[in-house]
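Heads up, the thing below is written out as structure tokens.
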């Protein structure tokens, strides 16, 4: 059964002065899959995610969200259309509670713009969306805690919850496992696994173990170009990928198949 | 407008622009490298002008060598002053929010204005152009141009070139350029960042004071001059881009031309033109023509 | 039984955080009956400045946009009021207040559209520059009396069917009208603070990028806040024009913009009561330093102690007076533990 393609980049490029950070990158994201984006440092992964999310404008190529050409759209507009993203450095609002963080994020989706009067605590739509997001991110027990007091792993979970609160169909996750220990990593991977059915997830990660456990497809980038895309087994055996990494991950590539 | 008048206005525009560059370059360096928005920068210009007035008797007494001597004294004093001010005051501003920096330096303006008022009064003063620079140069048969203004332009240009040479060619300059983009890295490389900051601040102060001393015979010396030049300098920095010397030079000349020709062609609205220019640049390049970092 | 209920009532009432405000309003309402003319006038000026400070608090405290040009909108409204006031006594020109406010709001929308293209420190600089531009327009052109200023033709009155409801020529009426407007502006801003718009602004202040990623078109929100702040400043400008019946370009000077920022930081950024408190403290400080009774001939150099006070306050109390109790507690805590 052909999967529904939710996000597509077609020959996407981004130039910074003389430097071609992203060179004609093409990839697709389908509903129900976790698609990992890996590559050496400086390969252009974060730049690609920034162009996909709309934070930086593309120098060339197209981005399509559910078939619609969004290349010229601003980031907020794409977010409202269902493109969510989380950040590598935690960007939660530390002084507010977990619940308030998610409710604020959900507001973008549900409130009338510039609603100067309605009490923020009384938007039932946003409240419900926030509670659902918190539940999905397994943070229900911490809902009333001040975000700044959470553990690192919980903060990363909140980052995802805020993403989910806007009801996205596509999730661009920038190193959600950064700085996590093995237990927290396991929890996060279970979370991501649970998200698969309704969403398309693009995961930028350095933790190869985790990547090979969770990813349905993997795209490898080197120096701004996509050098390989395919299923984990194919990537593992790909000669170009192995030579590009020059043993960086070659010897560390896990042999056992992970989850799913 | 015939050619001679046009030439005169061009020369005026260049002279004003270059003078502005001296002030604005200090401002943009202090912000770009130290990360401090310094509202009191205009006060240094005012201090320079009043210093020229205060040292005028000295300059007159030793005719010939008096004026350069006064300038030199002014520069030395301002470097010392800037060094001490950074040490005692500015260094406490580094990690603070912009709003706090703005208000603390605003308080400094009030302090400087009143200290000047106590020491030298609130009157408007003229400063005599030194005799050996007092003549005029003929231009195209009908018009003449004051030698002193040419002198000003020349000196400012020399300073601009020297600034370029220091920043582009010396190790101190390299540290400065690096410091503008990455403070921690520069520190990690063993450069004494405290000393660097102190030097940069003192240099910025000296540039503004020197500009004020130089401008005094032309603009006369009056209490509000610091504030006026400050705001125009801000416009220059916004147009040119924070931290960019090249940007400051280009923007200063641009502002110089717009202001000078504006005053000649449309005097009623001339004062607004500079801001219109700024608004236009804002629409096109919100972070200035050359931004760094 | 009754005593217990009474005790609970007292506890609940004293726990109500609104009572300092209620007391303040009562004091202000009663003041004209007990204070001398000079002090009543001073309080009146301060109330007008409080409205001005409150309007900026929306921008600086809630949205995190440090504008150094807010005096422009105060001044534009004041001038609009003076320019639009009809030459003869009109039946009712209650429309003068909305007209002044609308002018300020329009100016804020246009200027804001430009300024908000700039971020961070550039924003501070361009707001200063645009305010200076408006100062120039009113000071150097013949548009509105130039540096001499402009007189208001007739002070406005609100009449209905020939009966004068509010006659602002009467100083007492004007005082109470100002107080009512102050309370209204405070209440409106408090409501906005609890609204979704207010929360969105707070989010923008905390992390604008995150808000954009969530789907908020932040430029629009910032422009709305800027315009609203300008409009509220316009109320203060209107009152200023009517109070003395005279406007001069000095109200547009950047010293005004600096002063109002100072009021905010003195009182405490991020709170409405801080804005009002800051306005009162600032006016008090200024009066103090200008007082010849205390400083004699040196009083004409009042900007010196003011400047030093500014530096000291910002350096030592960056969170303002409202945060003082917390600051002191933190000071004392280690001492208590050590002893």
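Which chain is which? They are A, B and C, in the order written, and residues in each are numbered from 1.
Keep this in mind: a contact is a pair of C-beta atoms (placed from the backbone, for glycine too) under 8 Å apart; a residue touches a chain by one contact, two chains touch by 3 or more.
The structure presented is a predicted model; accordingly, all values stated were derived computationally and were not measured.
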_Between subunit A and subunit B, the fewest steps along chains that touch one another_ = 2
_Comparison of B-C and A-C (more C-beta pairs in contact)_ = B-C
*In whole angstrom, how far does the Cα centroid of subunit A sit from the Cα centroid of subunit B?*
49
*Centre distance in Å when subunit A and subunit C are each reduced to the mean of their C-alpha atoms*: 44
*Let me have the rounded angstrom distance from the C-alpha centre of subunit B over to the C-alpha centre of subunit C, please.*
34
*Give every residue of subunit C touching subunit B within the complex, in rising order.*
60, 66, 68, 114-115, 117-122, 124-126, 128-130, 132-133, 136-137, 140-141, 254, 258, 261-262, 265, 269, 301, 303-304, 306-311, 314-315, 318
*In the complex formed with subunit C, which residues of subunit B make contact?*
31, 37, 92, 96-100, 102-104, 106-111, 113-115, 117-118, 227, 231, 234-235, 237-238, 242, 268-269, 271-272, 275, 278-279, 282-283, 286-288
_With touch defined as at the start, can you tell me which subunit A residues reach subunit C in the complex?_
53, 55, 74-77, 79-80, 84-85, 87, 91-93, 95, 104-105, 107-109, 111, 113-121, 123, 162, 165-166
*In the complex, go through subunit C and note every residue touching subunit A.*
191-192, 194-200, 203, 206-207, 209-218, 220-221, 224
